[in-house]
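Two complexes, one shared chain (chain A), two partners (chain B, chain C).
Then we have the complex of A and B:
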């Protein structure tokens, strides 16, 4: 038993030293509560959501229900009820996306029910409960028409009526619980031309009657509009000299023809632009020879043209006030909107119903709904205005009640920008940022520095004293809360919308700080509506203002448009630059000019290169040797790469260095995905189980090209090419068979994650690719596409994903140390934060081959509900996710846009660099105090014990 | 593409032409059923939930939003205009989870509903049609905050950290002092005890000493002393 005690003692000694280490560990982990998800009381703390409906297409005042509201149907396929007083959404139903959900007609509100017709062939008719938004009934408007089946003339090859451009020929009318489906048919035979009116019970779908009205005046090129209960038509623009009007419901009426002379008072000219005037009376407007004026015709049994010229841009609406019909003319001039009311029959002005107002959000408005209820004080009108910039406003008794910024339902480009420094910090910054402080030999001018320092500190002291004494601080140009915070979490979201409206939204609460509108711009391609937003100068270069540049296309010519503005204040920096060429490709240079402005390089369709601003040409030329541009043409399938190496300081020259042609007969480019330009990769390799390092293939010039197969044999294939766009080298390609879209791709670091729908197994799958250089690194300092010839090792894997995906985006952080997560927008409205680790292609199938930190392969990726960052705040129809690094390495800011907006922040590797906001300061203080006290107590006890021992 | 034939026979209006114009361009030789079907079912409300407005928060989605169905007041729904094929029907409610169902409609218009199995796609477990969708669990988006409890407090690492060393220091010497242990240790025991005691003897400054140094203004010394004390503990 002898050796037992020393042994025990040794162990005890070791235990004591171990426990010390353990203590540190415990304290360390105690500080950072390891949790990914939110607590319930954190709801709304870092996140906000805003709901939108989109641009108004149809609107109607609900005066029948107890709670007064406005029913709207929008371009975004939404049916919603808005609160009359506040404009808030009472209920909202999002219909199918795209053509399948297009709202064709809305009606029946005045009868107490709400009927919508949406979709294509067959259209779906839905009856909704006005008060609650429940569906009452839905039925497809499907009908077999044997006659039409037999007719050889009606097929897709037949021009005329079935020409897709004449789609608007189908008209709908909902009245008294009956849905009328009105279709002018042109069979090529003038005698058979007729208007077919089919009536259905709008609630049950029961076909009530169908009748055909002869309308010999309709020809192939006719334009027809519905002015209930009449249909009005004109011939094609060059021939039209009469407006034909036909009653749709009276069985025995003949058509009326109103010649030019009767409308305009002179024989000459042709009619054009026949439009129906919305409102309570059958009225149409028509202009002559595309002129600047138009006139209206009040349709009746004896239709009467009104001989008053109206401006072509005036929007018209007819409402009922005091039993009389009132024509409301809305015009917009010099930022002032005027609603002029006139008596329809006499054209005498009604001044008390006329309004003129000016508001930042009301740009070229049209009245989409109006009522003028009789009130004790006199008649006052409520107008619902829908502006050209998609905003919606309610005007009541010439007062603006509310405005909704519906343009935000259609965001096309987003940037998140750091806020500027506060005035005081800027003062300090100027103190050190004086260039003239440097003498010729580089020494500091000590005296002036001293003076400046004393001045600035005196100012600070003054400010402090003023604050203490309760004086109001000096007027500042910026809002106190719109300054940079310590951790860079508070940012300015710059959002560009398809309406050409730009918003500055602060990220803490989602408040709109400023808005701007650029007229007549549109996206580069019709399909995607994409515009490009570049940050030319950040907010760190005081006193230079931050600068953003928006690149878009002109609405009419399609030429490029550049607009520069200050993203913090919304002040335009210069005029809208309308370029004389179409932009094919653009890039932001990595170098900046002397005033810290990063120039934009533009490649036009003629392959010549331009710099913006023009003065930055020399800067661009100085780095032109290493600048490459690539283009991808969806229509021709040509991918080409250009080098600017031949540029001189006077002229930038693009020289084609490579070209890849994809056969358009079998392949169609769907998407081109490059890496984020601000991305940094922290770790160069991956440590394997045997302690060796597998180096990542980090090629910043690598671009993924997603190609969809077309044609019968290549249908349902997906090809993914990885192309080095500097050298034109094809690095990797993969083909998936029997898959279909939607395809979503995330390309980052050395990996690629993409999703598709597997038709064979009928499920959504996520596939990942990861590229490695191998055990040796070709170049440890910088990657060069021209010298690296070794093809990377590609690891790949596919996983089953148990939900439909609407969008994928990766998180990004300041230094790239934090692990990456993938933000997945699900079709059910959730935003899932999916750790990349779960889609790691190196997840081993054989569990014995485990590597450190790699989970064994499982075919299905589980959706953890606590990884849904937006909890129960569903986001409808996500069209994009923008991620931005914050000042904290651990935290990434996420802005989700679509029909709704959602902002939050995520910490993929937990918040390791900042204490949680619920950190228990008391506990740690108490523990530390207790430890100190107990150490003294034990010391006393121990010494007493030692004394006792000594006495023994 | 699938709908081209449907056009020819079911052409009621031309609204879809634009929508489908791209698909019409591609040649198509497949014989596709022209009929459109209606998927029907009923969604049951979650128990013990606030019943007002749950229908408004819920909708039914086929194949991730290709076709949508909305709830009537009693929870029943229809998804119209569905061509034959296979559809995953999901009930979308932000607060409650519903199990998805796969509905297959063959070209003759026969319906079959079965459980969704994404891994073994050929496995068929039939469920009744028209669909009856019942909630199976509320979503747990949030982590629960811990409540204050005595056990939690006692097992808190920090508290343990305080108590455990105290215990070790107080109790272990007691064990060592046990007469039996002494006997075993024999003559060497005194030496051992000395050494053991030296373990518990800390070269910490006296409190009085510390205070005097503190008042002497030597702050640095003090902080060092405190640090040393912490480490020792």
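Then we have the complex of A and C:
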């Protein structure tokens, strides 16, 4: 019994440790399973994401929290915190889109809480947690309408509130946890003009007090600015001769009036451009004679104009340093930004706070926030600069700490371009470039070819020897990694932004290679900000450099602007061409000139045609018989088609061949969607269940016109017209009732996919149209719009889509063999890869009528989580998706832009042309070798056997 | 009717293939048609005739137009020789009273090739307002003077078709039918116990067999195992 007890205990102990081990094992395997689900090793392997905030509107240094940061509110309706040291986004909150999310005021950071006012009427006040960006409080500011008593005619939706347009006149001031809502009111009667100041508790929304201050000097035309605690006004600009100043909180004080003579020292001229100088002191700047001279007024009980002239382009800011107020003047000349600091009261310069620097990304900067903390080494300032080109930079002790390219938050045009060949390949290319060696009769100049060959091979040998001996290779103009790769997966993304800045982004990691800025350009229309980017010459025509052309409008005149540049290096190719006319339509010609440049055809508002470059006119005229242009005017609803058939090599002439008018009374053109010009359709038909072929209606000139109904009776209708823009023949039209936007349309091959919001069922729907010629093909070799008169058979179907859609785009591959997928940008930040098969209009409702590869109809399209290509990396506010074919037929490159940038590649039919990563090369080599050896051996054996048999 | 032209009234009732016609009321359209036979970018329009669509819904129409003079035919032939287009201007007045002018064109050689037979399609929008008039001709392309001087015009009226809507009703019916079929199937299921649950029984049997085969004591006790004896 004695030895048995310890044995039992030992067994029990072992059992306990076994259980522990088991527990560990369970936990371990649990982890293992978890990691299997995520495929974490693939995160960021083929994709990258960049986050942006947009152009800075308000900024404030957070010096209260433990982690120092910068709080910004931007034009893109974003509130964010940036890391002080690196400029990275610590947190970012995207507010409502459009007017409902406009940030109107930001404050309270110095008190440790962040308050923002955003939206229209009613404005929304939010209190944020500084460290995490969570909303602490939110309340709507429903201010009573002071004009309501006088005017009984107030529409229903603004009852009780003031006119939504008046929100622009409201001035906001946040201080010590109190939000002041300041609104000048004028009742037409000059003596009753008042400024209404209402104070609220910024956290709870409780109305603290409201008072009215008489301000007889304000009229409807006056411009007023807030210089806390004062309000400063001038009468109608360019007629004013006095600046009026009124204290807002001391009700008993009277207003001050400062005449021109007191500010500028002379009686002449009128005042204009009254602006408040941001910063720590109530100061306003005012200029005279259309902004020729500018001076500032320091406001207090006895406001004093400072008799020093300031340049009109200087941006001003007032900061506190060493207890004194410092005026910072930022100017920009010859690509150098200067921040000059002067004592506010004496105007004596402070050299140790003045900075001058030059950086490619800092163009005409203004200081949006500045802070000068006292440090042991002496006072040093931090300035947050926001440039005209939307970039944001932090200056610390006259040194640039970081720069953020915020222009990329607003991309308007994108092209993806193949990278150039490497130097060595280019040398080989030159060797075989025998253009000048061709004689008229086709004979070759043997000697010169020989010489050239020997030269190039000697060069190659020299390069090899240098590499072997360890000499430094000759300096190359291009970066070693920016060359074309085997499969064409590495590309250059050329992105044009609304700020007129152009970026060259390398697609592997998203690094900005070059940037360019074109001054004073804007989009063609105010609403869309669209600019057009054309690739005139690709990177395959060495030694000619690749060339892109940007078409935009001049900011002042609205005339056309063309800018050409090298998309690989960012070098401008020629000056900015400012045209003397407005561009109505443009197109890239399909033929190229002798130096492989594809000319651009421009149609101006007078319907005359121009070629760019001018010298390409003859090339354009040679193909003019088959060149057609169409225009669509949103305002008049007129669509016109033009032919260039009457052109001569001296002059290009457009004449109208068709005109379609969509009456603007009942409808408005929302979008005109054509097919991608580089698209190829591989399969001409579709095999049916009975083995017959249904031929696709593939008309490259077909354009979808999306029209929204206007007016009370036709509101909430969507009409889609399919128009052949060469012949002007309408092909099909379809109307949806009780639907509203946003409408997104994808037009490709022989189908259209579009999405809309169904008002009746309150859901997003996707509809598909598919066009077929029928069982016979009208022309088997080429499609001609002019001779094909048969209307296509249109298959259609609609599906319920269980999410809100921000953008639709189809994938594109080089030869069009790979099946098409549709990239759907969802409102929740996901990018869904939706197989076209799921929206196929021929999905049968009756399962007996099945065709090959067609799924039975289901009204709802499921969103599969593994089809979201950006997994957990949400993309905020997508404004476009650019797809581009790669060198691999299976793979399509996708670039998503909006507030964030995202790049990835997708393979709609799986990577059928690429070996898997874990492909066993050794096994196949061994098998091959063994097979070869065995075949030889058996051959020997067989011959021996045959010999033996012959001897028998 | 003292004009030298011959008036050809052609009445054509075009049966519209459009499914689900959306027009709530019937209306009429009056088209005045001009054409240009000159070369050059600026068209020189001369009157061709009048067309009245008496019923927008059925597409019934009356065509009244003059034939071509031989000089005009010659001009048309010249257009065809240069691969130019024959241009047409149509001014449409609908029941609402507004008049809209449209341009359309067709290669001149197709008009000659089809012996002056052409199709004029009037497209309406959802509110029965005209949005487009397009002229087409089947051809073939010919540069010869045709045997006739008379136009043979067919007028078609088209309007937007109703957009597709998600077909939830049929789908739900289908699901219902399937469910019913399944329920019916279950009540009818009178297979034997083994036929119904063989997929559960077979693995269990295999499992029992395997475990008995690997357990030597069990095998020994059974006496039939043999080979597992040590």
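FYI, the second predicted complex is superposed on the first by the 849 of 952 C-alpha atoms of A that agree within 3 Å, B and C clash if a C-alpha of one lies under 4 Å from a C-alpha of the other, contacts with A are read in each partner's own complex, and residues count from 1 in each chain.
Keep this in mind: a residue touches a chain if its C-beta (ideal position, glycine included) is under 8 Å from a C-beta of that chain, and two chains touch if they have at least 3 such contacts.
In this text, all values refer to a predicted model and were calculated from it rather than measured experimentally.
When the shared chain is aligned, chain C comes close enough to touch A:660, but chain B does not. Contacts of A:555 after superposition on the shared chain: neither chain B nor chain C is touched. Touch criterion not met for A:775: it reaches neither chain B nor chain C.
With both structures placed on the common chain, the touch criterion links A:828 to chain B but leaves chain C unconnected. Looking at the shared chain after the overlay, A:859 reaches both chain B and chain C.
In the superposed pair of complexes, A:453 makes contact with neither chain B nor chain C. In the superposed model, A:873 lies in contact with chain B only, and not with chain C.
With both complexes placed on chain A, chain A has more residues touched by B than by the other of chain B and chain C. Contact with chain C, but none with chain B, is seen for A:799 once the two complexes are overlaid on the shared chain. The intersection of chain A residues touching chain B with those touching chain C, taken from the two complexes, comprises 800, 859-860.
Looking at the complex, you find that chain A touches chain C at residues 625, 640, 643, 645-646, 653-663, 665-667, 707, 709, 713-714, 717-721, 723, 727-730, 732-737, 765, 767-768, 786-787, 789, 794, 796-800, 841, 845, 857-860.
Within the complex, the chain B residues that touch chain A are 1, 6-21, 24, 26-29, 36, 38, 53, 55-56, 59, 61, 63-73, 77-78, 80-81, 86, 88, 90, 92, 94-95, 97, 102, 118-119, 121, 139-145, 157-162, 164-166, 168-170, 172-173, 181, 184-185, 188, 192-193, 195-197, 199-202, 204, 207, 226, 229-233. Within the complex formed with chain B, the residues of chain A that make contact are 1, 4-6, 9, 12-13, 15-16, 19-20, 23, 26-27, 29-30, 35, 37-41, 91, 93-102, 104, 119-124, 126, 129, 132-145, 148-149, 154-156, 161-162, 164, 166-167, 169-170, 181, 183, 710-712, 715, 761-764, 800, 802-804, 827-829, 859-860, 865-866, 868, 871-874, 923-924, 927-928, 930-932, 934-936, 938-939, 941-943, 945-946, 949.
Partner chain A is touched in their complex by these residues of chain C: 22, 40-43, 83-85, 87, 98, 100-107, 110, 119, 121, 123, 125-127, 129, 131-132, 134, 136-139, 141, 158-168, 170-171, 174.
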